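First up is the structure itself, then whatever we jot down about it.
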Amino acid sequence: MSLLFGPGSWAWEPSVLIGLLATSVGYAVLVGPLRRRHHSGERVPVGRQLCFYAGVLSVFVAMVSPLDTIGDEQLFSAHMAQHMLLTFVAPPLWLLGLPAWMPGLLARRDRLARVGVRLTRPAVAFVIFNGTMWAWHVPFAYDAALRSEPLHIVEHLTFMATAVIGWWPVIQSWPAADDDPRPWRILYLFLSTFPCTALAAVITLSPRQLYTFYANAPLQLGVSPMLDQQVGGLLMWLPADMILILAALIVGNRWLADQTGRYAQGHPPKVATSE
Amino acid sequence: MTAQAQAQAHPYGTASEKAGILDWVMTVDHKKIGIMYMVTAFAFFLIGGTFALLMRLQLAQPNGRVLSNATYNEIFTMHGTTMIFLVVMPLAAGLGNYLVPLMIGARDMAFPKLNALGYWVFLFAGIFLYSSFAFGGAPDTGWFSYAPLTEKPFSVGHAMDFWALAILLLGLATTTGSLNFIVTILQLRAPGMTFGRLPVFVWTILVTSFLAVFALPSLTTAGGLLLLDRQVGTHFFNVAQGGSALLWQHLFWFFGHPEVYILILPAMGMISEIIPVFSRQPIFGYKAIVLSAIAIGILGFTVWAHHMFATGMPNATLAVFSADSFLIGVPTGIKIFSWLGTMWGGKLRFKTPMLFAVGFVALFLVGGLDGVHLAVIPVDWQVTDSYYVVAHIHYVLFGGAIFGLFGALYYWFPKITGRMMGEGLGKWNFWLMFIGMNLVFMPMHVLGLLGMPRRIYTYGDGLGWGIWNLIETIGAFVVALGILLFMVNFVVSLRKPATYEADPWDAFTLEWKASSPPAAYNFAEIPTVKSLRPLWDEKHPDLADWRVRE
Amino acid sequence: MRFLKKELSVLALTGVLSGCAGSPTFLTPASPVAQDVAWLYRIIVYMAAVVFVLVEGLLIYSIFRFRRRSDDRVEPPQLYGNPRLELIWTGTPVLLVATLFVLTIRTMGAVAAPPAASTDIQLRIIGHQWWWEFDYPDLGVVTANELHLPAGAAVHATLDSVDVIHSFWIPQLSGKVDVIPGQTNTIWFQSDQPGEYHGQCAEFCGLNHANMRIKAVVETPAEFDAWVSNQKLPPPPAEGPAEQKAFDLITHGICSNCHALGEVPPPPPGQPEKKLVGPNLNHLMSRSVIAGATYELTPDNLKRWLQDAQRMKPGNDMIVKLNPDEIEALMAYLTRLK
Amino acid sequence: MSSQALAARPRDDGKERTALYIVLAAEAVFFGTLILSYLYLRVGQFDWPFNHPTLSQLIIPALNTAILLLSGVSAWGSERAILEAREGRLRLGLLVTLLLGLVFVAGQVFEFNRAGMRPSDQAFGGVFFALMGFHALHVLAGIVILAINLVRAFAGDFSPARHMAVSLGSWFWYFVVAVWLVLFAALFLI
């Protein structure tokens, strides 16, 4: 209990709060009044809007709730949970909330647009996202981030930014018209499980402490450092893979749906039998 | 024999008109290559089966004297390696080679020469592996060759080098084959053949090919490192020098678990073609079946550690992998129910292919259920590496894969040869195999529970294992008799005059539009596809699947 | 046919549950751990049986119900699918496996640690190709293949291998744990019922994997203590020239290449400790089994072993050729190592 | 054979490209498992020689990396050249890439010996041998492809319309470069 509500367990970091608030308001204005005024695009379904706010909420949970404090001071596993929220939960939710026309607004600045298009090519996005993921888990990088607050902020920002890039090829291009055929997206998600599984496996199966910071962190909430590290690895292993598989199935489902029309959805013909 | 069979006059000119031996050696035609794959694989199937019979004879009673321990270990290793790498995979590859282009309305595979190369590499690898018998003994460390038993100090001689090299070659062959399938299916589909209209069998071949392409590299790494250890003197698996014994298991099972689906998915695809035709219904829940195949495929890459539950992993890790493994039961269940749903409300014709397909469902269910038991970790600690696991893999790979393949052979035989397989012998063949396989493998569950470890060449009496082993041995010979009948049936049917009937089963998919056997170019004109069942649409214009959308 | 199969499995299960003629099965458990697992297994088997009967039942029903009459040429109404149904049969398995998972976790927790307040035995289990070495560090006793345990004591064992991967398995006492070179695994088990239990190496470990067995003897604490104090006795002095000859063979002769007799003498300075690939011969005759618990240890078998070990256990490491009078001498002395 | 001729279909374009992408992805998994084997051994093993690499240890690998990066640029140049129908530049690009590749391999061999490492030195000796060796093999394969392309280029076999072989060759080369960057980081920097 004291962990959840005790003094200093919630990190009311103003910069984070302001950032989240600004994002939500900005979004609300963009999809609401501004859109109506400038007819920037078709209205965004409520469900999609909720997705976006859910994304913001998950960042709130990651950065403000005790998860943050515990992760920063005591448990690798908590820190991993935080990173999972920042990379595998929030970004896809944001993108779900993003109507196709919104990046279109930015695209008016065509230099920016060109960069964006380059960065979000599947191959490029794949490398950027997973590269960042791996780079930050190199022990000295990870420990450094834990020791210096600014670096830690950079870490989290890069995680979120690259995650958005990484999820872009999966989510953004629908409902917008399709340039790359959907099956590639299933393959993209399938291949994305590999770097995750690999990194998680190295962490989970490591017979020794990888991150000195947690090796000699204070009170461990009764969890042995080794167990903490294994749980951390597993938190990356299964959830990440499951989210990717789920995404692959959703993509596949929609794709097959309009490949087959109502065929697969089970509507028996009007005529029963032919004599 | 197929050659001579097809050498007779054919209305359209067949894939193998006056096919002389050279014609076969030089061919790049996907149909001939497919046939060669199947014939070769079946030959290996007979060898691997003989090994099984020898093992059963040795184990028929306590302290058996039929085989020495050395011979027994070679034989069970070669049985496993053969059945997995030289029988089930190439049989599926053969059928795929023959059927995929026909089913998607293409005239050949994307890379015909590469296709031929793949076959010849496979054949060479098989022969190379078996030549080890002539060079101081065959591999004898089990089909998953755990290090450090495979290292120089414990496996003197060259057996393991033969094994590793053969595995690398087979990996190469399979990769080229899979690559070919992928590109063919992605690029050469007939107009209108959208992914939503791909026959389920083509889908499973596609998924399988992706699994193979991305799982085999891990096996290649394992084999390569093993060879380095044995030949160059590195220490990847040598604990004394900073290596690791478990590294092999991680590398192997990262390949090994997807491999299980590489073996079973095509068979699932085959019966997903057979059951609808003989139930006179479309496959029930096409989308669900396709997606579950994809789900199984991806999940398969995340669960390898469940083959290592007894290696002393921490409980947290065990729990996660247990959960992960349970999940695979779900898409598998979806498939089984979809097959039931396809039969439900249909009008079932029990020709031999349908018998085998239904047999698949009945037997695979058992393999699925006892497979779930293996994910229950405390139980797994008791039954893993016991005969319980042997029972499980055989219900999946014999009751599953082999039954599916036999059904497929009966189903597509008329397409390949222009003749029907004998129904009477076919039914005998099925029932003998069905009864026999249950006699062999159901008691293995019991033996596992009674504490009999796998891979032992002998056992003492007084353990209560004798009777069950005896039943199994009897069953094994019943199965053998069934397979003998298949061969008789095969030869007799080939000697019958050909009818060249294009569509004897009143089937649904494109391959039955081509002549039997198909002309070298498959289709005079490439058909345009409007639904999953183009032939049904043709035969029932008013009930056409594509109309159903209006 | 499917009926016959069901009968078979039922028959099998009952056969197993009734402990099938002293088979080493965890379904007739002799330890709390095995008991919990047996309980869990029964649950999941019954769950599986329900699913089995249900699905096979559906299959058999539709086989008979929907068989086409020979004269029937009309196509059936075409049914393409049913999202609601598909949802149901996706959801049900999810619930089933979720239940299984909970059961799994519960049992794992239950068998994780020994009950408090039970006497403890420390044990080092060392796997060799192809025999087991049992070392009781606290008691100063080392023996082979025949494992003695006092009833009611919690055994805390560490497992190491000197060569390849083995797996330690005494079904009625505990599940398997792999014995892996370079990695020390641990296991605990406890038996409350005195008796003899069959165990065996469960991970294929080469030529004689089948002949790497364990005879576990659980006895009353009194009997166990008696056994221990006997095991601590030094080997008896050799009497007469024959025994002396044997004694020399064992301590300095050919036998000493692989075997020790009692206390292992420290290696001469500058030389590494000799790696003993064979069991310690002291108290040989106190064991009832030989050659990886493959044979009863009777004087006859011992003699046959000395004459031609390769015939009894092909491929084992004992490849010496002993001449008849050496064998006679050895028999005379070894049979006194009670 | 006839079937082969008939197999040519409008949708055939991109066959080779698709195939190459898949091959490269599979190759990536292969190197991935190799690197994982190394990491798995390394986290379990404490006397890793490059735990705190000194500059002198890094200098030659770094030079090699630079060389390979350069070759990547020239490979890219050659592809651009043929698209712009500048055959001279194409030949030059191919040639430069090929030579740089050879220099790189030589450098690798030199480095491996200079480090005084043998494949049989502990596990890490094998790791270096396997990772550098398998990569070097791929570089050599790339060099063979380049050589063939070079010959064809001198035979004037390429044109903006006929550049598939060049593009595929370059793609393979980019892959080889990328893999080395990862290997360099994995072996020497972490």
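To keep things simple, chains are lettered A, B, C and D as they appear, and every chain counts its residues starting from 1.
Everything below uses one rule, namely that a contact is a pair of C-beta atoms (placed from the backbone, for glycine too) under 8 Å apart; a residue touches a chain by one contact, two chains touch by 3 or more.
For clarity, every value in this text was computed on a predicted model and none was experimentally measured.
Set against one another, B-C and A-D show the most C-beta pairs in contact at B-C. Among the other chains, C has the CA centre that is most remote from the centre of subunit A. Taking each chain's centre as the mean of its C-alpha atoms, subunit A lies 32 Å from subunit D.
Computed from the mean C-alpha positions, the centre of subunit A lies at a distance of 48 Å from the centre of subunit C.
Averaged C-alpha coordinates put the centre of subunit B at 35 Å from the centre of subunit D. Shared interface positions of subunit B, defined as residues touching 2 or more other chains, are 186, 214, 244, 250, 285-288, 323, 540, 543, 545, 548.
The residues of subunit C that reach two or more other chains are 75-82, listed in rising order. Residue positions of subunit D touching 2 or more other chains, listed in rising order: 25, 29, 32, 40, 44.
If you check the complex, the residues on subunit D that touch subunit B are 1-4, 6-7, 9, 11-12, 14-15, 18-19, 22-23, 25-27, 29-30, 32-34, 37, 40-41, 44-45, 47, 119-120, 122-127, 129-130, 134. The touching residues of subunit C, when paired with subunit B in their complex, are 1-2, 4-5, 8-9, 12, 15-16, 20-27, 34, 36-37, 40-41, 44-45, 48, 51-52, 55-56, 58-59, 62-63, 66-68, 72, 75-82, 85-86, 89-90, 92-94, 96-98, 100-101, 103-105, 107-108, 111-112, 129, 163-165, 167, 169, 171, 174-178, 180-183, 185-186, 198, 200-211, 213, 294, 314-315.
Across the interface of their complex, subunit B is touched by residues 183, 186-187, 189-191, 193-194, 197, 201, 204-205, 226-227, 230-231, 234, 237-238, 241, 244-245, 248-249, 252-253, 255-269, 271, 274 of subunit A. Chain contact summary for the complex, subunit B toward subunit A: residues 186, 194-197, 210, 214, 250, 285-288, 290-291, 294-295, 297-299, 301-302, 314, 316-317, 320, 323-324, 531-532, 540, 542-543, 545-549.
Listed in rising order, the residues of subunit D touching subunit A in the complex are 25, 29, 32, 36, 39-40, 43-44, 190.
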